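These notes are about the structure you will find just below.
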Amino acid sequence: MATITKSTGKEPLFHIVRRTDMPIWKSWLIRILSVLASLIVCAVIIVLVTGDNPIQIYATMFKGSFGSPRRFWALLQGIAMLLCVSLALTPAFKMRFWNIGGEGQVLMGGLGATACMILFGNKLPAPVVLLLVIVVSILCGAIWGLIPAVFKAFWNTNETLFTLMMNYIAIQIVSYFTYIWSSNKGNNVINTINNDTHAGWLELPSSVDKYGYMLNVLIVAALTIMMYFYLKYSKQGYEISVVGESENTAKYAGINVKKVIIRTMIISGALCGVAGMLLVSGTDHTINPDTAGGRGFTAIMVSWLAKFNPLFMVVTSLLIVFMQKGAIEISTQFGLNSSFSDIITGIIIFFIIGSEFFINYKIQKRAKEVEA
Amino acid sequence: MDKQTPAVSLRHITKAFGSKVVANKDVSMDIMRGEILALLGENGSGKTTLMNMLSGIYRQDSGVIYVDGNEVHITSPKDAFDLGIGMIHQHFKLVDVFTATENVALGMDKKTTGGAKEIAKAIADICDRYGFDIDPKQKVYNMTVSQKQTLEIVKTLYRGANILILDEPTAVLTPQETDKLFAVLRNMKADGKSIIIITHKLNEVLAISDRVAILRKGEFIGDVKTSEASVQSLTDMMVGAKVELDIERPLIEDRPLLLSVSHLTCLDKYGVKALDDVSFDAYGGEILGIAGISGSGQKQLLEAIAGLQKAEAGSSITYNDIEKGETEELIGKSVSEIKKMGVALSFVPEDRLGMGLVGTMGMSDNMMLRSYQKGSIIFTDRKTPRDLATKVKEELEVVTPNINTPVRKLSGGNVQKVLVGREIASDPKVLMAAYAVRGLDINTSYTIYRLLNEQKKKGSAVIYVGEDLDVLIALCDRIAVLCGGKLNGIVDGRTVTKEEVGLLMTHIDDSKKEDEA
Amino acid sequence: MVAAFIHRAIMQGIPLLFGATGEIVTEKSGNLNLGIPGVMYVGGISGVIGAFLYENSLADKSQANGFLAIMIPMLCCLLGSLIMGLIYSFLTTTLRANQNVTGLAITTFGVGLGNFFGGSLIKIVGADVPSITLSVTSKFFSASLPFASNLGWFGEIFLSYGFLAYLAIIIAIVTSLYLKKTRSGLNLRAVGENPATADAAGINVTRYKYVSTCVGSMIAGLGGLYYVMDYANGIWSNNAFGDRGWLAIALVIFTVWKPNFAIIGSIIFGGLYIVHNYLNQFFPFIPVDMSTQELIKMAPYVITVLVLIVNSMRRKRESQPPEALGLSYFREDR
């Protein structure tokens, strides 16, 4: 028999295998290390841009968030708003429904609140207006979430693209009403609504809540705990997890998958509506097409980075809001553009999503494998 | 070329998955040029694994492959192609939205293939030469399964394959399509190609092959010339001598009728009849075995009973509720409706982590998969499943760090214990288990047999779909044998021989129908 | 007047056409790059930086060399968007990160980068208005054929654009032919439809994903360049590019992943973007104010959603997104 050895293929030096055995502490260690690495990279960039010493810079950032009670409350408000949207998106993501339409759902909620405040502000008693504000904003958000869900459930319409488009439809609708309701015809700005009566304002007496953010923070704190329990301990939360894991298993367990998709997206949209209400009725008392402020997108990353755990989301949204506020502080101090914060946010997220690879896969050397 | 040199020689091929499962052990065999070799063996006998090593999907742990007498290292499908080896897998590797021509062209250099016209012409040439019939412009999603298979073969031939491996090619074909395929294979043989056909259908082996090589439990048993083989001799070689298993089989006197299946017909996802007019009864206090080569309709049968599979008109499955004294129709009911009707039905599906359990959840959360809706409050009851998980963990000796460790991190045997433990815990009247010991070690397998027997003693009707005939014969009171979606007979597990069951599995004899024990 | 409208519609459509063509090339490999809006910003600002550096290196701005004035910003733009494409590819293809999260992060990062450098340049110049003007280089970009204005409506509709507009159309046609007619295009489509099959056929899935995503990003980046250098006459002001990146993604769906349809589609979208300015002239009897304008700007998105819905209901296989869109490929997950 001939003994010519014909090697037709190149064996790669290493190959990548999926791993399932990493202990939880180790995976969190990797995530924390990646955050630290990203902070170092950010520091390097900041130094390059500003030429100042990095410790000084981080001190400045700290001051930006904790420098005064007002700033501290503003930080909490920032966290609360981002967290609220993240909480809203989480049930959908757990179900593997890519709801990237948070921005639109928040805006529609805000628009609902605005409409009630403007249309009924002088006609109905203030408590009734507030009640209407709450109901209508939740309803508006829910409808905006429901539409793509119905098409996904019955016709398997791509939800990522659908919800994405719904954002811009919502933005244009809000632009339209901003014009219709603008305080001075044509300037496209709605001044503070019901400034005299405070009808439809969601607020605590200023003696309790000096900066006007406390109620928002409290509501979102309550929502966080509720969402945590909903996902972890409720029957519906259980169904969401099963559907997200495997539709086959869900059917085996007797779960109506269509119903769960639609119900979950109503909840997701409704909570976005709450966020819109907190922004309009609880904070700004007005609306513009930028009221959601990109939170619908940032929240996707917050929720994903926290592995869809509402309690971890407090930490991830703290990280993002802190870095954003800090970067804004730096840019004011050094006269940079405020978009600097977006660059910082982007870098942090790149590092954290990149680190997931090292949690889910390991790199094996070929030679080693053959020996073993 | 030297007629004596085999086209392919395998020498001492061994392949293991993990530390426990040895798929192929020291297999040595030859494939000659211009012959059709049937590779015969039961499910799990390592046929597909062996051929996957030849086609570059897997790499052997030890052993050598020679092609035309030269030692070769096959590390990827591309290597195999370069050596003239092509495999047609059971799951076709085709792009649905492409035409036949486009699929053939995929990944090939345009300098060697020419444009669409040249390829279409080459396809036409191949078709003429071997008697295929495909439209080069047809899109794959518009093709029937048989056409897709033809396209796969043409694609392989186009790439210059001289050695073709077909993995259970007839499993998805109608008898007419099978005949057509065989005619083509004979033409290819006449052209000097080597063909390996993996199958466990004996009549087809006899009809098409020149030689039969038999694998059993990963080992090469031997080969015979087809002209010297018979259905009986092949069955004997395939199933081997009877292995005495020490499995308990108590006889329960009181056997009430619990489940009646009558005229059950179901379609698979291709719209082909997966079950064809199947009727049988299942009684409490007995284990009814379901035997059959894989894909004979076992999956559809169990899923139809569980409310997961749509049945055709005329089908009926009735559940006899002895306590209520009522008979209830299960066809047309959803899983949750069946549950609400109070039918005590448990189901251990074949796909443990993809259907029976949620891999990312712990034992505790998995315990409530089928019962989480109990109670009227919106929160799930956490204590009962936790207690049950602890109980299952202790009683079945599940090895897990704790009851909240995601079950996908457990070993196969422990996963199965979790699944069976849960299904048994609900005190079922009817318990269905599909391939309940597949991939498990001996000890765990015996644990599962013991659990099934316990249910039987409690008066449940146990339906056990199995593939190891020794186990079926030792465990079951009666065995229903499916063959190509038809019920080919129900035999008494205490008296039947392995060969008889093997024959019923592979061979429908129309002359003596309904030979029921 | 109709000619003027079509002219403006095409001007509006060209950035979308670049973006959509780039995104189609990317999506055909199974990568849903939601970072395209960011990539287009980066493309724009990179070009601006290149032009800025070039203009400032000139002692006498009237001595600007047309070739350099075009090549420097263009190469900067291609380089900037290439880097963005590489970041996306590295994260999603090599590290197998989630495509949606990565894409959105790219958008945040890219828009931030654009506005940051834009803001910085504006500060360096110390302009009174919040914008930076690069009219010297811009005039090379927006130069149209000299005799176009002599040919009446024909010249206005067909000949009155800078070279990038024609480049956009050429790229769209070439891409269309590439996807339809070439073997490499066939392989690319296979990667996006069924990477496992492509892999089995000996196609290097990773390489195709990288190359198509990077090339796609560079094409999209040119959209940003065109916008600032030609459409906006070399004036960069932060956020002026607006939501055009998302419109480009909408256009991909609207044209069911076909670059040649995108040529017409981009003009339709561009027309819808500006039609409110013309409604009064076309239909004097319809009262049009600012509010109507906002509703009309909604139209591209609404139409896109309708196209998405109709296609999913019809289940016509050719009108679906690439089957493996948004999924990472890992060979051993069979």
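The first chain written gets the first letter, and so on, giving A, B and C; residue counts start at 1 in each chain.
Everything below uses one rule, namely that a contact is a pair of C-beta atoms (placed from the backbone, for glycine too) under 8 Å apart; a residue touches a chain by one contact, two chains touch by 3 or more.
The structure displayed is predicted, hence computed values, not measured ones.
More C-beta pairs touch across one of A-C and B-C than the other; that pair is A-C. Taking the mean of each chain's C-alpha atoms, the chain closest to the overall C-alpha centroid is A. Our note on geometry: subunit A versus subunit B, Cα centroid distance of 45 Å, whole angstroms. Rounded to whole angstrom, the centroid-to-centroid distance between subunit A and subunit C, based on C-alpha atoms, equals 27 Å. Distance between subunit B and subunit C, defined via averaged C-alpha coordinates, is recorded as 50 Å. For subunit B, residues touching at least two other chains, in rising order: 76, 78.
The multi-chain contact residues of subunit C, meaning those touching 2 or more other chains, do not exist; every residue touches at most one other chain. The multi-chain contact residues of subunit A, meaning those touching 2 or more other chains, do not exist; every residue touches at most one other chain. For subunit C in complex with subunit A, the residues that touch the partner chain are 32, 34, 87, 90-91, 94-98, 100-102, 104-116, 118-120, 123, 238, 243, 246-247, 249-250, 253, 289-291, 294-295, 297-298, 301-302, 304-305, 308-309, 312-313, 321, 325-326, 330, 332-333.
Contacts from subunit B toward subunit C in the complex involve residues 76-78, 81, 93-98, 102, 105-110, 113, 139, 141. Residues 1-11, 20-21, 229, 233-236, 238-239, 241-242, 245-246, 248-249, 251-256 of subunit A touch subunit B in their complex. Subunit A contributes residues 16-18, 98, 100, 151, 155-158, 160-162, 164-169, 171-173, 175-176, 178-180, 186, 188, 294, 297-298, 300-301, 304, 335-343, 345-347, 349-350, 353-354, 356-357, 360-361 to its touches with subunit C in the complex. Those residues of subunit B that touch subunit A in the complex are listed here as 56, 66, 69-76, 78-79, 82-83, 306-308, 334-336, 338-339, 347, 349, 351, 354-361, 365, 368-370, 372-373, 378-380, 382, 406, 408-409.
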